[in-house]
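Chain lettering (A, B, C and D) follows the sequence in which the chains are written, and residue indices restart at 1 in each chain.
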């Protein structure tokens, strides 16, 4: 098995899976019907991308692996998503800030991944770019609306940005697997996206009248499977059916 | 001819009534009541299914379920829009829902406690909804009729999807089959009730018939639903939880047992298993969303002012 | 296997299990250190009782059943606890009201169950009575404190009582299994406890300056495994380890 | 002899200082700082373990874990009481914790992400705590010394319980062994850091030694912890995640690798993985509890008034 490639695909797919799961929680509970529909759309796109990644990963893994065994039957320590995407939906500002901070990265990543030497990854990236551009526009608009809306919304969005900022740096950590894949022209060296990322985010936060956090302290761990305490509860729900009724078709 | 007589004639001729046309006040009120009730049902209907999004057993099913709940939100949107053409605002409509003044379909006050409920809701609840709604594609009020055409198309898709969930379970393990049977047991009677009280107790029928807001009586629709659903249960290999159910050669329909109307009225009056939960979820989402909607409005105003100032300056 | 007895024991044990689990969620998050300790105590007592019931049930079932397989490896539809005890900890008033409404019943039940012809059930009941008397005193005191405390606490406690009242009637539903067991002198005919229950509760609510709800509509279903939508999430957490790591010793 | 000289002599003679005795202001302040920090650590320490109560893998373990977290709440209570004897109120102490002015043990800012963390915390964290605390059973301030005797007894029990969790995992399946090793990997270095900065950087040591608030230096305690724990890891069959760890025949101690003090200071300064979560949990619980505490007070007053009125009337 191509272990590096397999692990690298999980890195890509787990972010989509967990971000999609968090947005999915909100379905039916959003602040308006219109935002509800839009958030569900983003969630749907992300799960669609997850399926593409995991179908490919299952092919590579063989041994009867499926998109579902990969999505639902790993232990927490085996999920490689960044800590950012697993953070809970405290309020709508939090949800929009989290998703925006991921979306900017996601689009930059896909814009490079489309030139991957791996034709499957390249194809997934090409298909996903349009979706990710819509996501970042939608969530960026909300960061601006809430940042430059009322005093209350400004404060809530600023709090969300302050709290979540600590998880942004991990997006640019290069794992061993990712390094190998980048060297082979299959993966993206995410370290190279960092400067553009912070430029873009800074510009939008300033337009949103928000203060860009200056903290030099960041959290990481997700890419090596050390998650925050929120992750276990997310997985307990997400995996429940597959765990309680093993080896069945749905 | 009076305005009213012209109006009645147009309806009799199968012409559509449009928002700017003259209409009797009672027509307007009845339509607001029915369309909004229908819209509210779509929105409340998102909750029991939304309950399984985080726990759907496969990625494929999770995507399909999300898409379905999203469709329901979409239906809510068209229907609120149709309703707004009758001169009522979305805020007023929400206010009626949240205060309990407006009703929504009672079926959504039952809990979804297993994955099979996602199948049963699609198969039975959407099945019953379609039977209710197909005739409305030809109803007299234009915006409602057009919304219903779109809604019905998507509902049929949902119903097939629900049936397919049931079929997969019934072709699965013993535990899955039991899960499917259990869901049928719990959703069967509420689905029959969904088609409304018996004709004897139904208060709106006659007038609604004339306006094509109703083209068959509740009891006829219920019979149609049963006749259509029993053979589907046979395909699934499931038993309908009604010992009195049997084919009647003479009438060409299924006979069926007594419906527990006490339960029906208890739920309608707000005392079903989840009435309180559903209202709390909706009102809670709305209240938690106030600052968000306020912010969006404030931002839009600021942007508008900027534009105007730039225009003046320019 | 003595199926009626087995099912009856689950009816008794599941109430303790789920009530204990709900209280356990609060550990470390209560309104004061003292209430935290007291609630943990009640939770501990209830889990202790659960273990006694399930060890007995496992003996009856045989086939390698253990207290843990019974606690953690059933499907939701197989749990027989009343809907009351699974209701979530909205706020401290809710928690105290839920637990009080259960505790009054629980003590009345145990006072009869101690005379069971079944010596194991009789022994469990005798051991548990002291604990349950303490529980009802503690939660009853809090119902009074919050009911007759401030305007805010009064309103919160009244809301909690109003919401939870609808689940009280189910306590006195007699299942087929319970009926058989009562006839054999093993179980308690809970219908006989109803009048005393409502008298006791009414007296305390009145002392707490609270209005006794008059609704004639009640919810049931728990005893036949039809739970509220809260139950699935509770079980997803509670069962996670046993489901994700099957057949292991801990 | 001055008051201060008498005081110092009493301490030198191993006499206990009691709340009503004269004491230098600095003694009082230092004790408030240390005892409250200790109390806060017990309370914050409830959170990482509390995180697994709902998910404990067996009833036996669930009961033991609940009892353990309850013991920690109890320790918090004795220690707050001991601290209050020095003339500070519980409210002030909480206020210091919630505002971030008071510190608590940094170890509790790491997340508990698997069940094995319950074992590792008991074995390593409580193990290190005991090494810190046993000498305090003979500290000079009476109420603190007496609280510590009780605390230490229970902590030893917790430590054995933690070790037994690890042992069960290590005797279990491959997945369980891995879980145990992983927990050791994550908790080892933070546990070493728990014994405080190296002597060179420790600011309170000298004075604290004199008052028997400290009887060994941080580095000595750390060495003692390592020497005691390595053989236990061997029994478990686990590997301590330090390639430089090896027995030194000459010194009769284990040599060990460099500690990442940057990480230590980052966490102390509030930037550990869970600092924010822990504070939010505590402050949140306290704020959500305000109305409850107010109600309890109001009720108690009403009861008091009733009694007084009855007494007057009687």
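Note that contacts are C-beta pairs under 8 Å (C-beta built on N, C-alpha and C of every residue); 3 or more make two chains touch, one makes a residue touch a chain.
Just so we're clear, the structure is a prediction, and the values are computed from it rather than from any experiment.
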Any chain that touches subunit C and subunit B: A
Farthest chain relative to subunit A (centres taken as mean CA coordinates): C
Euclidean distance of C-alpha centroids - subunit A vs subunit B, Å: 34
Whole-Å gap between the CA centroids of subunit A and subunit C: 41
Per-residue overlap in subunit D, given as positions that touch at least 2 other chains: 55, 175
Residue list for subunit C, restricted to those that touch at least two other chains: 75, 232, 236-237, 240
Pairs of chains satisfying the touch condition: A-B, A-C, A-D, B-C, C-D
Residues of subunit C defined as touching subunit D within the complex: 21, 24-25, 27-37, 40-41, 43-44, 47-48, 50-51, 54, 67-68, 71-72, 91-93, 144-146, 148-150, 152-153, 156, 234, 237-238, 240-242, 245, 248-250
Subunit D contact footprint on subunit A (complex, rising order): 75-77, 163, 166, 215, 217, 219, 221, 226-229, 231-232, 236
Subunit A partner contacts - residues on subunit B that touch it in the complex: 43, 46-47, 50, 53-63, 66-67, 69-70, 73-74, 76-77, 80, 115, 165, 168, 171-173, 175-176, 281, 284-286, 288-299, 302
Interface residues, subunit A side, partner subunit C - complex: 75, 232-233, 235-237, 239-240, 243-244
List of subunit B residues in touch with subunit C within their complex: 48, 51, 55, 111-114, 175, 182, 186, 266, 271, 273-274, 276-277
